[in-house]
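Chain naming follows the written order as A, B, C and D, and within any one chain the residues start at number 1.
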Amino acid sequence: MHQSLPASAESGREFVLTVSCPDRRGIVHAVSGVMLEQSMTILDSQQFADATSGEFHLRMHLVREGRALPVADVDAALAPVAAEFAMEYAVHDLSRRPRVLVMVSQQGHCLNDLLFRVESGSLPIEVPAIVSNHEDFRGLAEWHGVPFHHVPVTRDTKPAAEQQLRDLVAEHRADTIVLARYMQILSADLCADLPGRIINIHHSLLPSFKGAKPYTQAHDRGVKVIGATAHYVTADLDEGPIIEQDFRRVDHRMSPAQLASVGQELEAMALARAVRWHAEHRVVLRGRRTIVFD
Amino acid sequence: MHQSLPASAESGREFVLTVSCPDRRGIVHAVSGVMLEQSMTILDSQQFADATSGEFHLRMHLVREGRALPVADVDAALAPVAAEFAMEYAVHDLSRRPRVLVMVSQQGHCLNDLLFRVESGSLPIEVPAIVSNHEDFRGLAEWHGVPFHHVPVTRDTKPAAEQQLRDLVAEHRADTIVLARYMQILSADLCADLPGRIINIHHSLLPSFKGAKPYTQAHDRGVKVIGATAHYVTADLDEGPIIEQDFRRVDHRMSPAQLASVGQELEAMALARAVRWHAEHRVVLRGRRTIVFD
Amino acid sequence: MHQSLPASAESGREFVLTVSCPDRRGIVHAVSGVMLEQSMTILDSQQFADATSGEFHLRMHLVREGRALPVADVDAALAPVAAEFAMEYAVHDLSRRPRVLVMVSQQGHCLNDLLFRVESGSLPIEVPAIVSNHEDFRGLAEWHGVPFHHVPVTRDTKPAAEQQLRDLVAEHRADTIVLARYMQILSADLCADLPGRIINIHHSLLPSFKGAKPYTQAHDRGVKVIGATAHYVTADLDEGPIIEQDFRRVDHRMSPAQLASVGQELEAMALARAVRWHAEHRVVLRGRRTIVFD
Amino acid sequence: MHQSLPASAESGREFVLTVSCPDRRGIVHAVSGVMLEQSMTILDSQQFADATSGEFHLRMHLVREGRALPVADVDAALAPVAAEFAMEYAVHDLSRRPRVLVMVSQQGHCLNDLLFRVESGSLPIEVPAIVSNHEDFRGLAEWHGVPFHHVPVTRDTKPAAEQQLRDLVAEHRADTIVLARYMQILSADLCADLPGRIINIHHSLLPSFKGAKPYTQAHDRGVKVIGATAHYVTADLDEGPIIEQDFRRVDHRMSPAQLASVGQELEAMALARAVRWHAEHRVVLRGRRTIVFD
């Protein structure tokens, strides 16, 4: 469980720093030294030394005392230490919320859940647009005051539709795409062009039951637990790095349709957590795995 | 959750009836009529009409009033109704506990758990013998007063070892074999000869991570939940019908060894429930699926 | 887990029968006999012989073959058997969905969840009206096309407000009132007049943390699990019979506000299940306890 | 989930440092600076800034490079920083395992579970003695090679029995007492003399169902979830700070005896985790709450 971020923040006041580098002695001392010089107080700090890879990962939530500081200045202050330790690092000003373009097809439970969370202030993202290959949720989008774009997809129009999607991402300056039960497969090119920027919810406990109709597969196999998996999208379908999974006990009495009904709750919860963690810079993507400083 | 069976029962007093047949009107009325004539009171009754297969399944826990009744008499009383409705059925006298031969290799958590449950009266089985391809748990077995048979297995001796196992099953009149982390694969012939009579615990949430080293596989794939699966053994490795699964949330910090450590609790619990349900005639085996009247 | 009811049903075709009576031999045979005579097929049947109370409880889901049958006829057909066994019983025609008046204050997560489920066809109730002591959710109600009644409550106006509520219940022919985070306490008189017809969601794992600010209480006590409890309302605050509870692991890092945020998911899920089970006639209310044929 | 400690460690090589102090800027930098000077590598570090209390808490798992270092030297090196920041702190050499005296009455599931874990190397404690007010588990203790002391308790002999217990604690140099279903209440004096050194397992989800027969209380109240609570013992019965809770869904069909049977698994797991976390210096005791760096 996390310590959550503030609902709003003044620019130049609160930051999240993320660092990954080869593990060695002195990293924490060096980074915390820079932060001390910059009059930063550490609100939260989590770290993970990965014995398998030899890498060290750090996430710090910092608050600046005194006058506000541009993120570029924090960045610059860290540069010498980053060079010394061969760090990949990023500084995020929390006054800037990620802009998340949400895509949906004909099942709206995840979309409805995300929009309600954004509106009630519990999910720190902006949703500049909703894109769908169907018209079903235009009304819901408009009621929430979010532009709705209908982009139908057929085999023939897929390249054009993807170009339209790319244009919408650019137009709405979207950082992230969330596939909230969007039932079209994105092209390998698009996936490759937006690494770590597309989050999908798959309705099974991956790696079980990839592909189509996972609840029917789960029923046929007679499993006693079902789940949902939120993951980054890669060109390799349903193989992307897992961010979050939710799950629940089921039994023989449940038909595929009933599994799907229970699964909707799991999908909405797993996706909402994954999107929040992504938005709060809690997820470190590392090959096929994620480190989640939740 | 179940209504559990009595710790002990007098012969001819308590019965479990299980029925499977094509679903049609009148089954419950007919069966309950026979039981009424036999002065049986229904302590518990569970049924399932499987819309997918068109089959009806029933489990009744019955108590006989008046003098005790041989199970053969109950059987005979049901025969006309069984014929009329094309029933597969079985009547079990609860005074007779299943005899379960337990097999183990070098990890004893499931064995220790099963023996403690039997001894403390919470698992209604007899354990006439423990068989292992190693000597590690001879002491534990003997402390519990259970005969221990060391049957080493190498590639060359496997047929002979399996013959020895068959002999031990016969000698100890075992109804069921439980593979409590027994790390040898049984031959297809042996599996085929004992259908629905061998229960294995696999240390993953099947169908994820079949085969060797499932906790390492789970770590590499970065899943956020691990589990254990108790299933009937068929010739198709790790593909047998699932009886029970247990599961728990994990995170990126856990190494394969730590996943294995947490998983031991899940394995012991899933296996113990599966064995109890099997022993209480709660599991109906149907193709690749089970119906569990838990 | 349940076998769910059909999204719609023709009048006189599908029924749920619920029976409670002193336990004795022959009940199932007698009831199933009547159903057979009425050309009813049993789709599902669940029973519970309560050893503590000596009572027997039954819920049957039935489908009528041949022409449709008025519920009164099913009722009449059962009368002789009911008299013989001293049964309390009820027959419900599933073509008639319960009319549920929903009350809310200033937190809309449960209301939003219930309305989405009704609209998407997964919760078999009608919502004829929403009543609130605040104006916050008029827009949400109206977007869903449900009449919204603002009934403010102060200490002085409480009797008048409750009269207004009673009038609305009558006007909308509501069977049930659901308090979906309605933060006013109903009078003992009102509770007594609608026994088993008011469902509340309390934001703790009752009986822990009754009364105000349960998440703050949970934080101060340092519990490692929080939950939500859906229960029938009685005059005894937070002491009514529990229908459903949901729960999740938490840790020391979570502030009361963060517990509340996680708790919202639990509240919405527990309440939705309780309302569905109530609507599907799965809940038998017995003193302080419920029997839930889920 | 934790990163576990090594099964064994050479003296002066691996340490756990725990720190609590008023929160202010510079703590992490100062502490990590001392560790750097001492040629310590941080294997794991967890911290918590408690906004409610204004306190900062830190746990570091450190490994010394170069020659081994006495714990007193680490202690001394930290003293100036500790003084500057008004720290409570402790340094633990991991080569020294806590000595845990286990007490039990007539239910042995927790005792059996703890002993199996110690023996199989998954619980880093020494058990120098088992104390019981009954003789039931002398055989189990002796089979594990642990001295067993029978200390009967009656109302009249209670003071003498407690003196005997104090003597055994001294004789066996026990750091910690674990009440593994020990059904006698310790005197307020004894509790006060060993603050944070006695761990109990209570068979309910505290604060629900304090005192006697919690499973019967849970049955009567009709809850849908039961649990177990491991907590530090204080003079205030069942009110001590909670270390860990485990829990599981139940339903109306389960009698108090069946709840107790399911609860045994929860008790054993919650207690084992609490004991491990205590032994690995992961638990910070703060008033009625604990911080668990799991």
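Here are a few things to note about the model shown:
The rule we apply is simple: contacts are C-beta pairs under 8 Å (C-beta built on N, C-alpha and C of every residue); 3 or more make two chains touch, one makes a residue touch a chain.
Since we're looking at a predicted model, the values are computed, not measured.
Listing every chain that touches chain A and chain C alike gives B, D. Greatest Cα centroid separation from chain A: this falls to B. The chain pair with more C-beta contacts between its two chains, of B-D and C-D, is C-D.
The centroid of the Cα atoms in chain C and the matching centroid in chain D are 42 Å apart. The distance from the centre of chain B to the centre of chain D, each centre being the mean of the chain's C-alpha atoms, comes to 36 Å. Contact of a single residue of chain B with at least two other chains is seen at positions 249, 251, 253, 255. Those residues of chain A whose C-beta lies close enough to touch chain C in the complex are 1-4, 108-109, 112, 116, 120, 122, 143, 249-251, 253-255, 257-258, 261-262, 264-265, 269. Those residues of chain D that touch chain C in the complex are listed here as 48, 51-52, 205-209, 220-225, 227, 241-242, 244-245, 247, 251-253, 255, 288-292, 294. Chain A contributes residues 24-26, 28-29, 32-33, 35-36, 39-47, 49, 65, 249 to its touches with chain D in the complex.
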